[in-house]
Amino acid sequence: MNFDLSAEQTALQDSVGRLLQNELDQVRLLEIFDSEDGHDARLWQALGELGVLGLMIDERHGGTGLEMLDAAVVTEMLGYHGAPGPYLGHVAASLAICWSANDAQKERWLPRLATGECLGTVALAESDAAWQPNEWRLAGPTALNGTKRNVLYPAQADVMVVGVAGGELMLVENPAETVEVTPLPSLDATRRIAHVAFRDTPAAPLSGSAERLRDALLVLLAADAFGGARRCLDMAVDYALTREQFGQVIGAFQGLKHQLANVAADIEPARALYWYAAHAFDAVPEDAQRMAALAKAHVTERFLHAARECTQAHGGIAYTWEFPLHVWLKRAVFDRMYMGSTSMHRTRVAELSGWALAG
Amino acid sequence: MDLSYGAEYEAFRDEVREFVAAHWSREDARNPERITAFRLKATEAGYLYRNIPRRFGGSEQPADVLRAQVIHEEFTSARAPMEIYGNGVRMLVPTLLECGAPWQQEQFIPPTVRGQVDWAQGYSEPGSGSDLASVRTRGELVGDEWIINGQKIWTSRAHECRYMFALVRTEPDAPKHQGISYLLLDLHQPGVTIRPLKQITGQSTFNEVFFDDARTPLDWIVGRRGEGWQVSRATLKHERTGIGNAETYLEQFAKLLNVARSATRNGRPAIEDPIVQDRLAEIEGYLQAHRYSTFRQLSMSLAGKDPGPVTTMNKLVVTNLGHMIAALAQELIGDASLLLPVYEPGHKVGDERWMNQFFGSLGIAIAGGTSNIQRNIIGERGLGLPRDQTGGDS
Amino acid sequence: MNFDLSAEQTALQDSVGRLLQNELDQVRLLEIFDSEDGHDARLWQALGELGVLGLMIDERHGGTGLEMLDAAVVTEMLGYHGAPGPYLGHVAASLAICWSANDAQKERWLPRLATGECLGTVALAESDAAWQPNEWRLAGPTALNGTKRNVLYPAQADVMVVGVAGGELMLVENPAETVEVTPLPSLDATRRIAHVAFRDTPAAPLSGSAERLRDALLVLLAADAFGGARRCLDMAVDYALTREQFGQVIGAFQGLKHQLANVAADIEPARALYWYAAHAFDAVPEDAQRMAALAKAHVTERFLHAARECTQAHGGIAYTWEFPLHVWLKRAVFDRMYMGSTSMHRTRVAELSGWALAG
Amino acid sequence: MDLSYGAEYEAFRDEVREFVAAHWSREDARNPERITAFRLKATEAGYLYRNIPRRFGGSEQPADVLRAQVIHEEFTSARAPMEIYGNGVRMLVPTLLECGAPWQQEQFIPPTVRGQVDWAQGYSEPGSGSDLASVRTRGELVGDEWIINGQKIWTSRAHECRYMFALVRTEPDAPKHQGISYLLLDLHQPGVTIRPLKQITGQSTFNEVFFDDARTPLDWIVGRRGEGWQVSRATLKHERTGIGNAETYLEQFAKLLNVARSATRNGRPAIEDPIVQDRLAEIEGYLQAHRYSTFRQLSMSLAGKDPGPVTTMNKLVVTNLGHMIAALAQELIGDASLLLPVYEPGHKVGDERWMNQFFGSLGIAIAGGTSNIQRNIIGERGLGLPRDQTGGDS
């Protein structure tokens, strides 16, 4: 048995951690958080140079040809550092193109997606939080008309994977020329969203599975959430070790100590859950859907809980914009709602488990 | 058991209602002069500033919680202005009435009551949150002036305030609680810098206030040197006498029901979802318990009885209520929770307005002593458990 | 406004408290808990002499003619002291007979029910936790055949009010002669239950409302639960003030202090909730059903939570049979499940509030 | 990442499976002599008592967590007996191996391993729960015997045990932690009284043990006088090396699903109820997280890596899991929760068996240090927060 990261995976995770440590201190993070577009070219380029953006793109097309588990442990680090930018949608779009575009499309996009020179995104949700493939109504066959909601960085995207009726996917190239983007005031300003209106937008069918694309995003959100939860706890512990009240550091008070211990016990095992969901995505097809849903529901729920508790543990300072803990609180809300609510995914877990049938 | 106010108070209610109808109309709300005039009339009639002597601009009425409640209900339902809202009326005036020198009362209470000046509260510091008595802002007596250096934080609306009442360390060699004085000072002076503090909601309702050789006269001290801690406790006492009010949360719950009606789950109104119903009913259990608990506390206070330890619990109870309501609302509004509510001209704010409530419920858990401090107070004053090191202000 | 107990109510409550303080110390309580039938003649007689058993029976029939609020505040004290015996079913049966029996039946039973000389009980639940009047299937018109489940002290009862199909009530006199009782190992040995099989059992129709009988029991259970929760907290506070570990009483440790503070804040406001439910039962018909359901669901849920937390606060001692805290833990389970689960009553609250309709 | 055990271990699995098939059949379970004989053979084959030297009756195998796991899986699936279960094998033997005198090892380990004697643990006292170092049972050296007076509690199966290992205060004047000795003693003597302790489940699996001039020889001491605390920590260390096992809770969850299938809500199987599904999925999130977390810890231990702070959290994690499962089960079984499970001949126990699990989940939260002590350990050893007065055994 070896349910652990390989030396290569650990090294990759560490290198991403070091990069973000250097490129993204808390001042820089807040600058990007407060910026107009929430997308920092230098950070994006650095991630591209490290290979983070083409991790799952095959080597023939300029990527590293790694698997979901590798991408997930990297995503944990992005979550830990609160990395802003179009990463999530970009990785998802790249994956979908890898799986299901034709050779010409792949040649055209993958090499530049792998470096980050081009930006990809995915447009999935429709009204009423319709995140699931079977809920999509937007339809082809060749031109799209209608709206997708809460799309990540559509205005900057060079290529967009769109979910359409029947749980199919289509490719829109250079969407800036053919769609209308309505920016939204993103609560989580590290992941900017907008509504996208298609008006006779030309689109090409893709052969790949929208469900698998959904599962990929669920695993990545779980990984991000675990990193974020861990960061909230680390910040609260650091604060508890330095902040003094009543003549001692507040971490010595049992009330706070127990509060942080509860958070730690609540989140720490979740690391292994997202690992397994990622591993199942790669290697255990019969578990993949169910574990992706379970991990997304569980880990993002734990993240929001941890973010709330750790905000409280800090007291007033954490209620200020200048102290960046709120960045993770808002990421937690994003991770929990994006791609569908906890309650919805728990219902899916019940269905996928066949609980009501078996026995 | 009688939940009505009784004949005497219903007669009083009629009187108040007639007064309001005669002197206030909704359009007056846009006219500051009309508001001021109405407040004056309402004070003369005995409806406002009831515990402030007439010579300081109050109406000097005998304490009567039910009359106060009736006035509150009638004024609120007609949207008529009540007392000026602010730290001046709410905190400084009671403190001056209890501990202030006669000249301070004469000079400061009337303009505060008339709304001509307001006061900022200068208690919290970056290093002094729950451990308020550890304030480090220094005050040194030089000649006939206090020279003040240091920093305050969480000062609400400091920009709009003329004065501040502040806890300042004037006796650096005395024990922690005995080294503080309660000083008044003018914020309109070169030694004072006010910087707005942006909160996680994106709004700025608080400030940081920096003192760099700020000055205030020798006799702008309430109580004696080193007695500031006790004086401030008097203020806090006034702040806390308010019996936990359930109205705010009843309103929030009503709004929550509306969100549950308009939101959808699995293609049906969310309010038909058994999970949503279960959680709403759980919240309503807490809500109605607190509501009737406040009625009980009010009734006992009216009868001169001690409602018991429950008075130490109100803050934690409403903090938990706010959290439960906000958490469910955040789920119900679905993807609207991905948005920051932005209050700007031309921008329509939708269900994401609940995110302010969501963050606000956290802010409430933090403000005025974290929930952990509240738990200490409940444990020690409510349940009689021994004090520990964080006994705080008890 | 006077949302407070009257001087008479307070005096009544105090007198019941004093009686139980004297008659029912923890040793005696455990003796009855461990006894064959869980019904102590001396305690029962003492309660009868104090007027507790006929509180709501009209004065003409030997009772005190008081209302539900009076009975509820007395029930709180019984809950506080963990009073064992057939009180709940007895009070409910007496109420139903008061409301809805004919004069002869009243004459025959009420005076002896008021003193406790005769014992009454109610038989309501059918299989699958069918506690609600609209779920009953047992039917008259004159003789009953079938089973009622989880009936309080049926073997000792002289008179039994039975819920039948259509949400009606019937009266079975001297049931010992005409029903078959299967005793059950009652978890809460202060309230013994048994299944009752009717075999051509003669029964007389009653005119009263089964729903109102149900509401009465819900209010009484909420009152009992509040008393029980308060007792658990008092015991935990006492223990925290006397038990020493690491050189100080354990109540000085913030971890435990905050745990008990949370319990206190969780339960204390519930007092007013059961008061209002009782008051609404007496005087606010439009609120009565809804508040009874809400109070039962809320207060019994809080009781079980308090009992669990306070058991943990005690540590090992509370896991022993000799230390009587488990009596309240088991009463909490009883109060929560008897007359229907929390979840069922919350669903009723939603229906009675018309949440899905209004707006 | 590889969740299989790999070719080497699968070959080993085949070997174990063949061994069990050859030497054990289900009917043997009723024959004590067959059980003893099987254990001897399994020890000779290197499958049992792997960390105990051959000269003391063990099989003296190199440490190999995966082999141990394979053996556990194969023996369990064939219901073949594993090591004798009890405090003797689990706690005393490792302690003697680490701290015992050679004659103690020779005299006590072999019969313990063979199941000829078992040992009671004499740690807890009525006044010493989480603060174990405050034991007050006294041991006085008189001539060549220790004379022991006092009381122990929470002694499991003391009736069935021949001996006890106990923490006894032998140096009353030394500081708390330095005044304790680790004594062995014979429970079959007039000075020892054993009284069963009835638990809230109605069952009696624990005892109180009273010492009234009980005696034990001078040299039945493990380690030196006053070193008992350190010696007992060695034992606890062994007790705690077990990485939190998720199997128990996976089984409980499977049973919970079955209850949800057989129970009804609103006339339908409870498992179709959205509220039930939601709570089941919530519990499964915690369960699978813990399950894969134990795989991770196991894998890292195998590779000689430190799994980190998570090892301090396993107990609290499974305590919470047990509580969640029991709480939902209690609701699902409905009116069966009104019954005490009674295990008597002729009495059929139904769904109310879950009430034992319900109380048991409380017992687990209490036993072996309350959850609050666990939180201290997580906070201090796991998160590196400063110790407070209850640092306990850390």
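Which chain is which? They are A, B, C and D, in the order written, and residues in each are numbered from 1.
In this section, a contact is a pair of C-beta atoms (placed from the backbone, for glycine too) under 8 Å apart; a residue touches a chain by one contact, two chains touch by 3 or more.
What you see is a predicted model, and the numbers here were worked out from it, not measured in a lab.
Peer 1: Would you kindly say which chain has the C-alpha centre located farthest from the C-alpha centre of chain B?
Peer 2: With centres defined by C-alpha atoms, farthest from chain B sits D.
Peer 1: For the interfaces A-B and B-C, which has the higher count of C-beta pairs in contact?
Peer 2: Answer to which pair has more contacts is B-C.
Peer 1: Please work out the Cα centroid separation of chain A and chain D, and write it as a whole number of Å.
Peer 2: 41
Peer 1: Tell me, which residues of chain B touch at least two other chains?
Peer 2: Expected reply: 274-275, 278, 372, 375-376, 388, 390.
Peer 1: Could you tell me which residues belong to chain C and also touch two or more other chains?
Peer 2: Counting only residues that touch two or more other chains, chain C contributes 248, 253-255, 257-258, 343, 347.
Peer 1: Going by the contact rule set out above, which residues of chain B touch chain A in the complex?
Peer 2: Going through chain B, the ones touching chain A are 124, 126-131, 134, 153-154, 197-200, 202, 264-266, 275, 330-331, 334-335, 337-342, 347, 352, 355, 358-359, 362-363, 365-367, 370-372, 375-376, 388-390.
Peer 1: State the interface residues of chain D toward chain A in the complex, per the touch definition above.
Peer 2: The touching residues are 1-6, 9, 66, 69, 257-258, 260-261, 269, 271-272, 274, 277-278, 280-282, 284-286, 288-293, 295-296, 298-300, 302-303, 305, 309-310, 313, 316-317, 320, 372, 374-376, 378-380, 382-388, 390.
Peer 1: Would you mind writing out the residues of chain C in touch with chain D in their complex?
Peer 2: Checking each residue of chain C against chain D gives 125, 128-129, 149-150, 184-189, 193, 244-248, 253, 255-256, 259, 308, 311-312, 315-322, 326, 329-330, 333-334, 337-338, 341-343, 347.
Peer 1: Can you check the complex and tell me which residues of chain A touch chain D?
Peer 2: Residues 1-6, 69, 233, 237, 240-241, 248-249, 251-254, 257-258, 260-262, 264-265, 268-273, 275-276, 279, 283, 291, 294-295, 297-299, 301, 343, 345-347, 349-350, 353, 355-356, 358-359 of chain A touch chain D in their complex.
Peer 1: Using the touch rule from the top, collect the residues of chain D that touch chain B in their complex.
Peer 2: 273-275, 278
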